[in-house]
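Chain IDs A, B, C and D follow the sequence of writing; residue 1 opens each chain.
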Amino acid sequence: MSTSPLRVAMVGHGFMGAAHSQGWRTAPRFFDLPLRPEMRVLVGRDSTAARAAAERWGWAESATDWRAVLERDDIDVIDIVTPGDSHAEIAIAALDAGKHVLCEKPLANTVEQAVSMADAAARAARRGVFAMVGFTYRRVPAATLARDLIAAGRIGEVRQVRASYLQDWLADAESPMTWRLDSARAGSGALGDIGAHAIDLAQFITGLRVASVSGTLQTLVGERPLLAESVGLSGTASSERGRVTVDDVALFTARFGGGVLGSFEASRFASGRKNALRVEVSGSTGAIAFDLEDLNALHVFDATAPIETQGFTRVLVTEPQHPYVAAWWPAGHLLGYEHGFSHQAKDFVEAIAAGEQPTPSFDDGLQVQRVLESVGASARSGSSWTDVEPNEKEERP
Amino acid sequence: MSTSPLRVAMVGHGFMGAAHSQGWRTAPRFFDLPLRPEMRVLVGRDSTAARAAAERWGWAESATDWRAVLERDDIDVIDIVTPGDSHAEIAIAALDAGKHVLCEKPLANTVEQAVSMADAAARAARRGVFAMVGFTYRRVPAATLARDLIAAGRIGEVRQVRASYLQDWLADAESPMTWRLDSARAGSGALGDIGAHAIDLAQFITGLRVASVSGTLQTLVGERPLLAESVGLSGTASSERGRVTVDDVALFTARFGGGVLGSFEASRFASGRKNALRVEVSGSTGAIAFDLEDLNALHVFDATAPIETQGFTRVLVTEPQHPYVAAWWPAGHLLGYEHGFSHQAKDFVEAIAAGEQPTPSFDDGLQVQRVLESVGASARSGSSWTDVEPNEKEERP
Amino acid sequence: MSTSPLRVAMVGHGFMGAAHSQGWRTAPRFFDLPLRPEMRVLVGRDSTAARAAAERWGWAESATDWRAVLERDDIDVIDIVTPGDSHAEIAIAALDAGKHVLCEKPLANTVEQAVSMADAAARAARRGVFAMVGFTYRRVPAATLARDLIAAGRIGEVRQVRASYLQDWLADAESPMTWRLDSARAGSGALGDIGAHAIDLAQFITGLRVASVSGTLQTLVGERPLLAESVGLSGTASSERGRVTVDDVALFTARFGGGVLGSFEASRFASGRKNALRVEVSGSTGAIAFDLEDLNALHVFDATAPIETQGFTRVLVTEPQHPYVAAWWPAGHLLGYEHGFSHQAKDFVEAIAAGEQPTPSFDDGLQVQRVLESVGASARSGSSWTDVEPNEKEERP
Amino acid sequence: MSTSPLRVAMVGHGFMGAAHSQGWRTAPRFFDLPLRPEMRVLVGRDSTAARAAAERWGWAESATDWRAVLERDDIDVIDIVTPGDSHAEIAIAALDAGKHVLCEKPLANTVEQAVSMADAAARAARRGVFAMVGFTYRRVPAATLARDLIAAGRIGEVRQVRASYLQDWLADAESPMTWRLDSARAGSGALGDIGAHAIDLAQFITGLRVASVSGTLQTLVGERPLLAESVGLSGTASSERGRVTVDDVALFTARFGGGVLGSFEASRFASGRKNALRVEVSGSTGAIAFDLEDLNALHVFDATAPIETQGFTRVLVTEPQHPYVAAWWPAGHLLGYEHGFSHQAKDFVEAIAAGEQPTPSFDDGLQVQRVLESVGASARSGSSWTDVEPNEKEERP
């Protein structure tokens, strides 16, 4: 690793901060990276908490003023893991300051913010400064394999998509409020938080984009105890109550380009489903099915195999021939959730070193944001079909 | 079995005729029935084919004129297994002739026909003559168990429903036309043929009714070779081509009474899925999941169990304590598809003997038909939400 | 079905009697048989019970004296479903009387009996009279498919076999005695009752025979309440207690011809496993895995497939191309436990009509009995390796 | 982390070196440890390779002479990840030098070596210096949960154990030799390498010890190409051939204390099974089943649940209430293979800090070695039952 450093500052330090930190720390150990990530500064609003988090997650220093960090010469990358309402401001300033940016999903809370961010990214890219949005599930080896198989024509023409992200941490009506249930902070609820993953993953795997949607949003439980103390994605309840201002279930039908139909669901009320991000793609000569709760496996159906042995094959995606896997353990030794963050770090660093646009780009993030907004618009107009406005790159100044 | 006979005539003798025959033949061997079914007459349009089918499936005689059979004194039950376009005429005549009727699903090809049938059933019921529609999947023990568990409050309040019926026999664009792809004969496509099962099963299991829908229908392959020879649900292709006039994919969102949301899909393009009628119900304290491709199992989640051992339990529904099972084999010995038809025969015979209305009634069948029609209407109006007209029993003459 | 009749008398009418009856009744409906089975006489020791069983299971008459039935000219086949201690006497007399014989497994309670039976079968075969032993699990389509795939070289050279039959109906130490726990009636316990199935199935699927064994038998619970009333395989307990005189767990290692190793287990104490007859065969280029608790599926691994999509394929064995399946329902419509008995009836009738030896023959049954005896002998001598004596057909008089 | 350091030197740097490094690096980030592990020195025979490995895996320096490292005052722990033939010499010297030792499994290649190691550990423990052997799979949360449930009586009395470790990397007869196939280096083959894991895990989960065994060893392919270049557990072949001097399949039956029977298999020829370490324990009122290929799940059967919903529950072991999990991610976010090494590091550090014996101890490792040796002895004497000599701690000088 006698390589040049890539000096990173991370803004925010919640659950995502831990995951990103683990990605930055681990990636250079298992992959031969062209630049050596250095975990320089962790930025948080509260100096005590930031200092503790920096020590905990292995950042050289901590800071409280992200604007000051942007002015430092010894920082190359800004990694944004704050809630969605602050993404636009930080990311645009960082890009304008010449820092590469990795920004957690969803890109922003509104399309307007996302457009500004994509514009800033376009301006920056012209100066060799790049931005990426953190849809890490693309980098689960089984998901990448699904994309590769479809791109190689292994299931023929794509015919139908089923995508859902099912969780149950709101199934208990007394489970407390968190910032994720407050539209001012989170923008939207199940739709933007987990539905965004389902949209991105379905588009990534199929190579198709959602063109129009007919959707429905619902808030099953409208009032909850306020949060006393945060634990995981939820926490303990206080005696006061607050109003849930986001959806907790989102259902929509999508038309992709080429007339392909898709069904989507995002729910936090799917009892017994903890983190079931599922995508099934039916093609003319095969199918793939993925479930994040069994993330080392991909189920593949091949309609061209001999009829007597056709069926879904459970591929354990742990062979050296599988995406990202050769860097890790022998066959049959499973990877976990956090490995996607190492893969993300690797791909980001490689793109930066090569002076190339990493993916998913802010344009990709914006496009997902447009789908989210169209679902909301459709839901507000009685589920009528609503077009997803395309990113009009050509008009970009 | 020194019981009185219940003399049955069956009209039609396709795939469903074989299944019904096996039900009539087998039910009295495993269940103590209050009346003894006798397989008297099989009716088919072609006398040679009808004679062969009667011999094959074990009916004492064959006939070609169902109207003549209705006039016979030695027939108590008319079992209708013809395509949907003839259901109304036969069923209404049979009921008016004082014959009990068991009619395959979907009840009819249109709501108008179904209303007439339900009216006829109501008239007949006042004379102690009863009609039932053949949604047999309710009688798969695991499905009945799901209903029982939910009725007993074992998953708390129902919050969400996911229902789908996935097949792939049209995935091959060269798979030939059959009467099931002709709207004149079949009424509708995937929606009416298999979607009807998903609707009935979801309603049966939850005890809730669909109140409104937002739906989308699609025909992915619009022209196919004409059928040369029938094999299973499909067959061999001729060189001529015909137009597919029914949907092959149906997607809809439903609101049940009480604000419960449901997502529905019926597809004949789901590569690798052969007969995947699936229903998952999320409740406030648990969930159930069923898949017809694994029909002896029910997956049950109990959120009130100790947290460290919570998860979906795969219940092998083969214990004597499970619905219908005690009559069959020891624990762990699986039942098959056709056992539902024995259970249907049993329940029908018991209701007739008791002078009670068997379920699902023609009203139940009509209600499913109304849901189907509302999905079609919604699809034609850009997926706008469309109410399902309730059965107005009170106005029945 | 204008075919000649094949007139059957069945001796015994327990759980197996119901299964065989259903096989005889159903087979001619779904398969075009060269002879038409007629269910003529059911024989039982108690005339009232026999009469009730005959009526229940659809036999034209009942009788109490099987010897008298053997003398009747209007009987072609004797179907033996009594406990193992009476198999030899009935089968030998029947064969000597010129009746074809279908005998439930295990063939007998001792090798001596089984040898006599095989000798009788050899004598009879020379006169065109045939005997078959009822290892029906060979005729589960997925098991037959496994055999076909291996015979076709689809997994290369067989390397290892894992076979087990796991049940749990004795896990409760207060579960009562039945005749199956009495060595005088049953011969042996888990080993002979369910282990025999595992042995036969493993040998059938691989085409290999067990040459020597090293085994261990154990009786985990030695005393149980006597049976008050029979329910399924078990029943309700009385207040008196009896001694369990058979094994309830059998474990053995087997060497097949060619140096292939196999591990075997038969247990009635495998909590949560209801009827898990499992066989996994590892070959040099693939593998198959079967589980009777999921009897419509076969798991197939192909090491010659592209490495990136290798894995176990869950083949739903319900396609018309699969063994026996074309006669039944469309793809994806599952078969149950009892279908094996229809397949057995079909294959038996076809062999009889063709004047050919049906399989498994009494020699096959004898060979399984020899394996069982060798396991017992090995267990008694400290698990030392014990050869399985080959059937010495050449010496047969 | 203003805690005192615990300064580690690691001897060896193959596949296990990467895993241990990741454990040392990651554990202090996610767990609050009483001592702060410092990755000081990596020791390897070849200085260039050692230096590269140190840089790759994040060790401050490298060295080639482990004896010199033992003399350094700034080293507290020796972590041994070399092949088994060198474990004894290094571990004994390290313990005698006052260094805590973590030693990979199997503890040694012979019982004699293991006894010396356990003696050294006993001597050291009296001076507050501790030794631990690296059976990390105990620390997969699902395996620890299994142990906890059984210890809490949740499956009643243990009745039977099924344990196997199935891999297939030798199924291809042309797969090359590695040190793992050379008895001089590896001691034994499948038995010692992976069977040792199955033994330890079964004993850990049940809390029972193997008292005697009846075993069989086999080498299915006796000659293989020599290794040209190492890749994962295997590598590319050269044109020369070498002799396989270890077993590739091991089968044995075990009696645990209390008369519990267990069946064990270790195989490298189980086509399609990549890393299937499986343990199923049948108890009088329940059962657990674990499979390392699905390491985030534990299957739990509870025979005391209502009969109609009994079955194996697939517990996703990712809740904060599960062992080790609270330190990681929200529910439903999976852990991978390497997390066991973080848990091992955590538990080791905590025991050292507390001045307590970490588990599994060298005595535990010795006992597994005794089981391995007894299996070998039994196999050499025709599978006769062979007692496992107990560790006679009392005689220790």
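By our rule, a contact is a pair of C-beta atoms (placed from the backbone, for glycine too) under 8 Å apart; a residue touches a chain by one contact, two chains touch by 3 or more.
Per UniProt, the chains are A, B, C, D = Dehydrogenase.
Since this is a predicted model, take the numbers as computed values, not measurements.
> What chains touch chain A and also chain D?
Expected: B, C.
> What is the chain whose Cα centroid lies farthest from the Cα centroid of chain B?
Chain centre farthest from chain B's centre: D.
> Need the CA-centroid distance for the pair chain A / chain B, whole Å please.
Between these chains, centre-to-centre, one finds 42 Å.
> As a quick test, compute the distance in whole Å between the mean CA positions of chain A and chain C.
55
> Roughly how far is chain B from chain C, going centre to centre by Cα mean, in whole Å?
36
> Which chain B residues sit where two or more other chains touch them?
Each of 273, 310-312, 316 in chain B touches at least two other chains.
> Can the chain contact pattern be summarised as a line, a ring, a star, a complete graph, or none of these (other)?
Shape of the chain contacts: complete, all pairs touching.
> Inside the complex, what are the residues of chain D that reach chain A?
Residue positions touching the partner: 1, 15, 18-19, 21-22, 25-26, 29-30, 55-58, 167, 169, 231-233, 273-276, 292-296, 316, 318, 320, 329-339.
> Along chain C, where are the residues that touch chain A in the complex?
145, 148-149, 154, 297, 300, 302, 307-316, 319, 321-322
> Along chain D, where are the residues that touch chain C in the complex?
Contacts found on chain D: 155, 159-160, 162, 168, 171-173, 214, 216, 218, 220, 249, 251, 253, 259, 261, 263, 265, 267, 269-273, 280, 282-287, 301, 303, 310-312, 382-385.
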